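First chain written, first letter: the chains are A, B, C and D, and each begins at residue 1.
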Amino acid sequence: MMKKGIILACIFMFLGAGIALAAAPKPASGDPIKFGAVLPLADITGKQASRAMQLAVKEINAAGGVLGRPLVVVIADDEMKGEKGAAAIDKLATVDNVYAFIGGMSSGVHMAQLPVLKKYAKPTVWIGAAASSVIEAPMAEQAWYFHLHPWDYQQVGGYITGFKELAAKNPLIKLQKWFIGYEEGAFGTTGYKGFQTLWPQQGWEVSGASFKSALMGGGEYRAALRQAKDYKPDAYLWLGYDADALPMLEQAKEIGFAPPMLIGAPPGWPADFGKSPLAEGVSLFGMWAPSLKEVSKVSKHFWDAYNKEFNEAPATYFAPLGYTNVYVVANAINKVGSLDQDKVIAALKDTKYDSPVGETLTITASRALKNQGFTKQKILQWKKGVQQVLWPLDFKTAEPAYPFPAWDKR
Amino acid sequence: MDMQDNVILKTEKLSRHFWGLVALTQVDIELKRGEILGIIGPNGAGKTTLINVLTGLFPPTEGRIIYEGKDISALPAHIRSRIGIARTFQISRPLVDLTLLENVMTGALFARGLTCPQAIKKASDVCGFMGLQDLDKPVSKLTALEIKKMEVARALSTDPKILMLDELMAGISSDEADEMMDLINKIRGQGISICVIEHVMRVIAALTDRVIVLDWGRTLAEGPYAEVSHNPMVIKAYLGEDA
Amino acid sequence: MKIWKAFVIAALFLAAASLPFYTGTYLLHTIYIIMMYMSLAISWDMLLRAGQLSFGIAGLFGIGGYAATMLQVFTNINPLICILFGAIMAGLISLLIGLATLRLRGIYFAIITLAMAEIFRVIIRNLPDTWTGGAMGIVLNNAIFNGDVKQTYWLVFGILLITIVLSEVFNKSRIHFAITSIRNDEIVAMSSGIDIFKWLVVIFVITSTLQGLVGAAYTEIYGSVNPDANFSVHYSLLPLAMALLGGIRSTWGPVIGAIVLGLAGEYLKLLMPYGYLIIYGLIIILVILFLPDGIMGLIKKLTQKK
Amino acid sequence: MQIVSKLRERRYQAILGAIIMAVIILAVKPEVLLEGIQRSSLYAVIALPMALILGIVGIINLAHGDFMMLGSYMAYWFAVKSGLDPLLAMIPAMLAFFLIGILTFYALIKPVLGSQELNQLLLTFGLGLVLEEAANLSFTSAPLKLSVPYVSASLTIGDLTFGTFEFVYVLAAMLVFYIISLFLKKTRIGRAARAVGQNPKGAKLVGIDVNKTYLIIFSLSIAIIGTIGVLFAMRHSVFPVMGAPYTMKSFCLIAMAGIGNITGILWYSALLGVSESIITAIPGAAGWADLVFFALIVGAILIRSYQQRVK
């Protein structure tokens, strides 16, 4: 009896919503359309992504909502634990009845969510989890699964193209010998393995040494740095976290290691990194930099709106990614004009969205997955305390400083 | 042969050192079947160490322990308990999270390998023998005498052939001590050989067939109490300690 | 009295077993997560009853998970067999560790168990990718029962039942007397004919097998393993907190503690998305300060007064 | 002959072994030894106050690293607000953390002194959780890092270039060790503390105010670890969960040395730090450093227990 009542009520609500939709398209009203986002809220990446999502929701609703109905993003914390991440999907699906799943951060958590996601097979657009070995292949057959963050190997592939283009413009830049200092966890090791497979294909040499990230209680890099110094690389890259950034540079300076190119690839940077004199000339990989606001309107809009809304600067690229995440799904539904899942998925595949990370987001096939969003990260460089974009050249905000300035000449 | 059969436990040149300190040196003792042997000596003479070595808490540094004709020097404590060597402790060691009956049961359960119902029966019998009542009381509510009796009962529930009582009379009144002595005599009556460490000489005099005097880890004298108590060396050892 | 007790237990059992018929997916999922932690908490407590403190739940949890997953990957046999295999492997490994270390006591044994968990993690992370998936881990083709929540619930409930039954056996049989003697006074225990080392090894192996069982079920349910997640220290600490909160050395203490902390975590998260863990920490502090014997201690006090 | 008999003692064997190893490493890769000693000192100086609390108050303080974390945030905050050298923050930190120690003692530690060890353990675990989350709510999880030029100072002798700042940790470890030893041996309260640590009931009988002794030892230890937090922040990133791994490492070190063995902590941290340094210096082996770390701990504990059993 109860069930029937609920179903009837739902039908009436849908009917009501339909009538409301036909009658008055603006502003958003009626029964909300819900997206469910799973993010680690205790971490700054998840916290800022969730805020950026709320920002997008606010804008979308102000502009008429989704199908004229208000959009709601229900956010669930995964606590960076697999089981909590999976339970969050169950909650969003059954308690909140969300239409689509968005969000995402760590691959480790996402691995445990794959079975639940498969169970619901709702449109899922993920902004995190870049580890191809454990995510890409298992999700290859799922038409409803969209992955926006570039896979680990795509990132590495992007760097190859990027550095080649930079070197073509500046013949001083040498790329023959690389040394990778990588953190010993999943993030660093998978990254290093990508370099080990792709670098020799370019005829470039690569070697590496692991270290324990400060995030895991490490913070001693001198052994890895000394090995790098002995190797005399053209470029030294470290795959670690934000907590490793400055201590790593301080220790590099300490042992007198200043390669022609020094690159970092943490997912975020400490807030005050740019203030340190050691930061000057450090190259980095990332999806996004505040300086993009100089060359991209969407970026500028996002930057201003986020600052205004939350009184803080977006410090990680997961903020613009979260913002993009909501827009992409909302746009697809609005384009289709209904919640028909197959059509919405088709529309998602057709996505053309000018995202705040710079590029226009389109969906292409990656190695195994049909629905891959971004395919590369950017090459950036710290200059006078600001991250400038060096590559892709379309978004260039500065010329590369090369070689990396000596420690005592800054 | 006859002699051997008469002796249930004996030590041969038993020594025990702790981190270079000597606690027992070359101790030779014999415990005869059905006898009550007293072990006396000033504090620190090695009495408790002797019991600890005999029951297997520590292995001897040198020497052998022969029990019923077999060398048991290398056997661990729980095996010695199973083959019939039981003891009580100088400072009572009740198992605080168990009741009175359960305390007594442990011996029957593990040394005799009885099932729980059998052990309950056995323990109740032993407690009855010892005059213990209210068997479901937690040990925290027991009197000093009851705890002492409980310790004896726990030892008896292992069906021992030898019972070693370490200062059983300490901390109980003289009337209670008389009651305890009666019980000990009854236990001997069941054919159990008993080894008593005691400071209360009245008890030693009344109870024992024979005493061994230890001093500085050595055997100082041996014989019936009446004889030994007049031994000048023994008197000196005690007085020396007092002086 | 006894009939009453049996009736209550039967009613509880039926209610728990039939939960999937009238509970939503999310609640069911939350409950079986809590049940997994509950099993870990009870098994941890079972070792504690013998006087040994373990910080190594995560290690055995992870070993069980890895063993199950690797068997699944290499043979693709029935996941239930893999779960069993995971449990057995955890048991075997704990047997070796127990034989080597169970002469230690107190924090020395505790540290060894902690170190053991870390050592497993480092070894698994450094093994070739083709074996353990290295630092990234392994994803299975599918979760057990294709992710069906009801059957998953029954699986976890079954594991919890096994744990509870074993825990009750620990409390009601001769094992109870052995471990209580060992905990209270090892010298008395020896003198009562208890082979302490043997008992400790047996109990360590049983509780470790249970922890491996939960870990193996966990990986089959979520279809994946990776060294950082499956050996995460929170699998050691959270069950410990649950058991202490509920009241140690009983079956129902850890059960209550797991329910309280598990549900509190889940609801606080809804009330206070950012930083609810601070409340969680405060709950722990307040309970220790005001209910030193845990919630079970409070219940006992209240019922004794009547 | 005297030398030979001294060599029988374990302590001298250890010293001799350490010297031989040091000479070998010094000859091949001197920087490995130097960096190992620097790292060892950091381990030791963090573990020492925790050992003091465990040895005398009898509490395993699982929030130990979190107090260090607070100290590090304080250093950051001090340097940013005042513009002064963050090292100067050590003085206010010492005072502030002594007070924090007193408050923590009265609010949390004293009420559980009589209860079971596990409750004390869980209490400090809860406290650690609260401190970490409070830091997370106030400062977010994003790391902060002081930017002080002299922490990357180095010295070059011939081919060898090595960092000099971390000798501050060596100095700190020596200083803390001597302060603790002197305090325990020479002061009245220190002697009382040792008595209390060995036998609280007995100490009470001879008229020592056990609670006051606990209070002073606890607050002193918190003051030390808070101050170490300042030193730590000079060279490391500061974020809410930075302390937790050091709590674990310190706990391991204390177990390795044996409770109450303050000198042992210096030796064993040297063993751990230098061997870690050696492992990480071998190309390709760095990933196994943790294994060596924990294997050494397990080995040390097992060997000691075996030796005690044989005796």
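One rule holds for everything that comes next: a contact is a pair of C-beta atoms (placed from the backbone, for glycine too) under 8 Å apart; a residue touches a chain by one contact, two chains touch by 3 or more.
All of these numbers come straight from a predicted model, not from anything done at the bench.
Considering the contact criterion stated above, the chains in touch with chain B and with chain D alike are C. Chain centres defined as mean CA positions place C nearest to the mean of all protein CA atoms. Comparing the CA-atom centres of all chains against that of chain D, the greatest distance is found for B.
Measuring from the averaged C-alpha position of chain C to that of chain D gives a distance of 32 Å. Between the Cα centres of chain A and chain C there is a gap of 36 Å.
Separation between the centroids of chain A and chain D, computed from CA atoms only, is 38 Å. The distance from the centre of chain A to the centre of chain B, each centre being the mean of the chain's C-alpha atoms, comes to 76 Å. Annotation for chain C: residues 125, 274-275, 277 touch two or more other chains. Looking at chain A, residues 42, 47, 184 sit in touch with two or more other chains. Within chain D, the positions touching two or more other chains are listed as 133, 136, 248, 287, 290. Shown here, the protein chains touch in an arrangement that is not a line, ring, star or fully connected set. Contact between chains, as defined at the top, is found for A-C, A-D, B-C, C-D.
Residue ranges on chain C touching chain A, taken from their complex, read 24-26, 29-30, 33, 36, 125, 129, 133-139, 141-143, 146-149, 218, 221-224, 226-229, 232, 234, 269, 273-275, 277.
Residues of chain A touching chain C in their complex: 41-42, 47, 50, 75-77, 79, 81-84, 86-87, 90-91, 93-95, 107-109, 111-112, 114-116, 118-119, 131, 133-135, 137-138, 184-186, 188-190. Chain C contributes residues 48, 53, 100-101, 103-104, 107-108, 110-112, 114-116, 118-119, 121-123, 125-126, 233, 237, 240-241, 244-245, 248, 274-275, 277-278, 280-285, 288-289, 292 to its touches with chain D in the complex. Every residue of chain D that touches chain C in the complex is listed here, in rising order: 60, 108, 111-112, 115-116, 118-119, 122-123, 125-130, 132-134, 136-137, 248, 251-252, 255-256, 259, 287-288, 290-291, 294-295, 297-298, 301-302, 305, 309.
Within the complex formed with chain A, the residues of chain D that make contact are 31-32, 35, 39, 133, 136, 140-145, 147, 149, 151-154, 156, 161-163, 165, 235-237, 239, 241-242, 244-246, 248-249, 276-277, 280-281, 283-284, 286-287, 289-290.
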